[in-house]
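Heads up, the next two complexes both have chain A, just with different partners, chain B and then chain C.
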Partner chain A sequence: MSLEEIRQYIQLELLLDETAVIEDDEDLLLSETLDSLSVTRLVQHLESTLRVSIPPEDVTLENFQSLNAIHAYLGSRE
Partner chain B sequence: MDFSWTEEQNALVEDARRFAREELGGDVVARDAAGTFDRTLWKRAAEYGVLGWAVPKEHGGSGHDLVTAVRLLEALGEGCRDNGLTFGLGAQMWGVQTALLHFGTPEQIERFLPPSLAGDSLTAYCMTEEGSGSDAFGLAATAVREGGEYVLNADKVLITFGPVADAAIVFAKTNPDAGRWGISAFLVDASAPGYTAHPVEAKMGLRTVPFGRVTLEDVRVPADQLLGKEGAGASLFTFSQGWERSLVLAPQLGAMQRQIDECVKFARTRKRAGTSIGKHQAVSHRIADMKLRLETGRLLLYKTAWLQQKGLPNLMEAALTKTYLGECFRDSALAAIAIHGGDGYRTKAGIERDLRDAIGGLIYGGTTDIQRNIVAGLLGL
Partner chain C sequence: MLMHTGFLIHSAVEAWARETPDAPAMVFGGETQTYAELLAASQRLAAALLENGLQRSDRVGVFLRKGLDLGPAIYGALLAGGAFVPLDPAVPVERLEFMLRDGGIRHVVTSGAMRPTLARLAERMGDTTEAPILYGVDSVDGMVTVSSAEIAARDARDPGVWITDQDLAYLMYTSGSTGEPKAMMHSHRGSLSYARWGLQHVRLTPEDRVASHAPLHFDLSIFDFFSTAQAGGAVVLVPEAVTKFPASWTELVEKERISVVFTVPFTLIEMLERGALDQRDLSGLRWVLFGGEPFPPKHLRALMERLPHVRFTNVYGPAEAPSCTCHDVEPIAEGDDTPISIGTVSVGSDDLILDESDEPITDGAPGELCIRSTTLTLGYWNRPDLNERVFHRRPSFGPFPDVYFRTGDLVQRGEDGRLSFLGRKDRMIKTRGHRVELDEVESALASHPAVQEAAAYTEADGVGSRSILAAVTLANPDDAAITPATLRHHARAKLPPYAVPREIAIVAEFPRTTSGKIDRRALETDVPTP
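On to the complex of A and B.
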């Protein structure tokens, strides 16, 4: 999944704002841009779209803090 | 879609109901009044295998799929009138064992799971604090790394089994600057210096399981008792709460079946002015509504368990199940009291206890308001 597709899912489905600006390195978690329900939805979306399993203990700041982090983490799961 | 059960499943369920009726009875009215937790009953349930129903065989359980497991728990709740006991069993199975099985290292599982399955050890799940409940991640507890150990300070409240637990899963901040992402979970021995289990607290219902405050003052926990990665505490909590929300109310369905059976019997035999009270629609419709709640609650629970078993998303279903089953049990418990009139209000009849027990289900594992927040959020609101 491309970084752009992840960005679009967050904009359209989680923030309900297609114009929301999310930089590649912007913090999504500490800023509470994504609350815990949104993170869970994002994980489920990634799992079902990519047909990968994301162990719950991998859902950490390190792996999900920004678009870049998520993209890199998914790369490591391929 | 197939609504049928295998003969093997039916036989298991039948036996679980019999076991609960014959072996998990005792004087629950007296135990409720005194607020007594009966460890003999706990051990008996463990020996029957209840705590291992959903645990894979390779870890010492019976490895039932979750739909079978919830149906067994339903049978347990039907046969056993002690809602506190069945709630306690569910809390261990879904809150504690799930966290251990999915986040624990092989060594941790090896150490903590067998005594839990055998009923020899109880583990408390310590998240709530005076300053944080629905906003669980707002906790104040801290864990500071010092060499090969963490030093924990925590003040946890409303903890099921807190006063009697042998171990605890404790949530604390390892990185205070990272909000929820700086929370970690620890397996802590209750015998560790600085760990205090405070006395049992009186409560409205579910009085046959103890709950209370647990404090940790400079408790030194070996680093290998970190449960999951550092910073994965929020994920662990969300994950195990998902399981608990989905499945913990299964025994209440059984209790609702028991209520219906008793109400039908009572309404048929109780005569007022020469007529069975069940002949009055005001009474019979109440029981019809109880049946409606039972059947609709059942469908929701089985679907949620099925999705959970398949590893499919069930956030919505879990939140609906927790809310609906909780409120159905409350409403049916209230109806059962109304149907029994003054007898329903008498403590010795054991009917009013269901209502007191039902209220807990609207609060623990996330209140019904919080569940509705989740549903609304998933609907895009």
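On to the complex of A and C.
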């Protein structure tokens, strides 16, 4: 999944705001872009779209802090 | 100079800094601040506050994320004779400005990390007489600042300020039904009474490492900071981002050997379901306290089975009268869905259940819980109208204030004397532990010029809490420029993040009751909690 697809999912489905600006390396937690509920929804979305299983121990701050981090984590699962 | 010691909330830090100067007081990101370091940093800040004109009981805003500057901000304000006011770091700037003006807050302790919000604040308040002095940050255009280096250059010594235990210790802002937040006032005596309750109930010792998981503007933090300080234990500050990842949070509990946690059921349910508990060694954890919302028995039972060595306590008490009742949970039998009791009144508290005509209920019928307690708030800041409404005066004998706080919570006393929580009298709701007045959400949406009327309501979120939803009608129903996204954007600028409705629907008209009011019950599509 491309970085762009992850960005769009967060904008359209989680923030319901297509104009929201999200930088590649922006801290999604400090900027309050994501909260714990939206992290859960994002994980479910990634699991169903990519047909992978993301174990709870992988849903960590390190792997989900920014678009870059999420992208890198998904790359490591390929 | 004289200091009225022993009854002040910060006296414990002074005492432990003398007794065990090298013991850890605050822990954050692998770094430790000892009691001696905490006291010295607090004294330096107190000196800076006093030099800049802080007077007894003046309010000092604490606008910081979790970090080792948090403890000195709180204790510095108190040592200087002021009262601290937690300011939510995630709050929109408009709401921050409201609190600063409403609270008459002329001193704010902050840091460079908050610079984006401070710059926007300066655009709104800079160069006015109401603009606060900012401490802990280098120059911000239009604002007077005192940098960290300037604070560090002060002498670390007792500022020798005279205050008593009746003085204001902190103001805590919470959601207000008028569309603006309201603040409750707490004295040193009340805070100390709460801190001592925590110390005694959990039997805290200097070996304890207590998590500070809740944000500072959430009253659970008073237990985290002050009960721990009473015991000379360590507060392990949990970064905000970690609280959003159950697996990172449980990892921190293990790594930091956290022994006591006080949080909301939502956090504990997430910990159970996504905390990777089977891979964690939580043998250091000995006591979990929870409050703010009912804990679904099914989930609590599962968590208790996973952590058989841990004691669990349900703590009830609005932020106006914290920890007024509590209940140590006994093992729950499989299939037992009886709601978890909120228990009986704590030492130092006394309850009264009133019927609709303010007469005491003695036969076990449901009624409004009224509390008088040594932890009771002094009342709402600048809101005599509210004080009139929520305090019920009933002179009596005994070591209690002669006012009862009307909690707005409906309860029923069982035959065993324990109280069951039945719901709310008004439109205040809890979402993941946060108090939100639905009237405030509606006011925020209705303040958009294109909105005719707004209705906020809730639905169960499946993990024991509720989500906020809203619907609006437009002044011009054909206004295509207005979308749910524009309204959400508007709400995000007015409300704290947790109070922004998850979905906002634009509807042609609302369902109405026979009296013509919006029928919010019809809007709710209530799904029972699984």
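In the analysis below, the second predicted complex is superposed on the first by the 78 of 78 C-alpha atoms of A that agree within 3 Å, B and C clash if a C-alpha of one lies under 4 Å from a C-alpha of the other, contacts with A are read in each partner's own complex, and residues count from 1 in each chain.
One rule holds in what follows: a contact is a pair of C-beta atoms (placed from the backbone, for glycine too) under 8 Å apart; a residue touches a chain by one contact, two chains touch by 3 or more.
Just so you know, these numbers come straight off a predicted model, no measurement behind them.
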| item | value |
| --- | --- |
| Fit or clash - chain C, chain B, common chain A | clash |
| Contacts of A:44 with chain B and chain C, given as first, second, both or neither | first |
| Partner chain(s) touched by A:34 [first = chain B, second = chain C, both, neither] | second |
| Touched partner set for A:72, first chain B, second chain C, both or neither | neither |
| Chain B versus chain C as contact partner of A:52, first or second or both or neither | neither |
| Touching partner for A:19 - first (chain B), second (chain C), both, neither | second |
| Chain B region in steric overlap with chain C, selected from 81-89, 261-269, 279-287 or 297-305 | 81-89 |
| Where chain A meets both chain C and chain B, residue numbers | 16, 29-30, 32, 36-37, 40, 55-62, 65 |
| Chain A partner contacts - residues on chain B that touch it in the complex | 102-103, 137, 178-182, 228-229, 231-232, 234-236, 238-239, 311, 313, 315, 374, 377-378, 380 |
| List of chain A residues in touch with chain C within their complex | 15-19, 27, 29-30, 32, 34-37, 39-40, 55-62, 64-65 |
| Residues on chain C engaged by chain A in the complex (per definition of touch) | 65, 90, 239-248, 251, 270, 273-276, 279, 461, 484-485, 488-489, 497-498, 503 |
| Footprint of chain B on chain A - complex, ascending | 16, 29-30, 32, 36-38, 40-41, 44, 48, 53, 55-62, 65 |
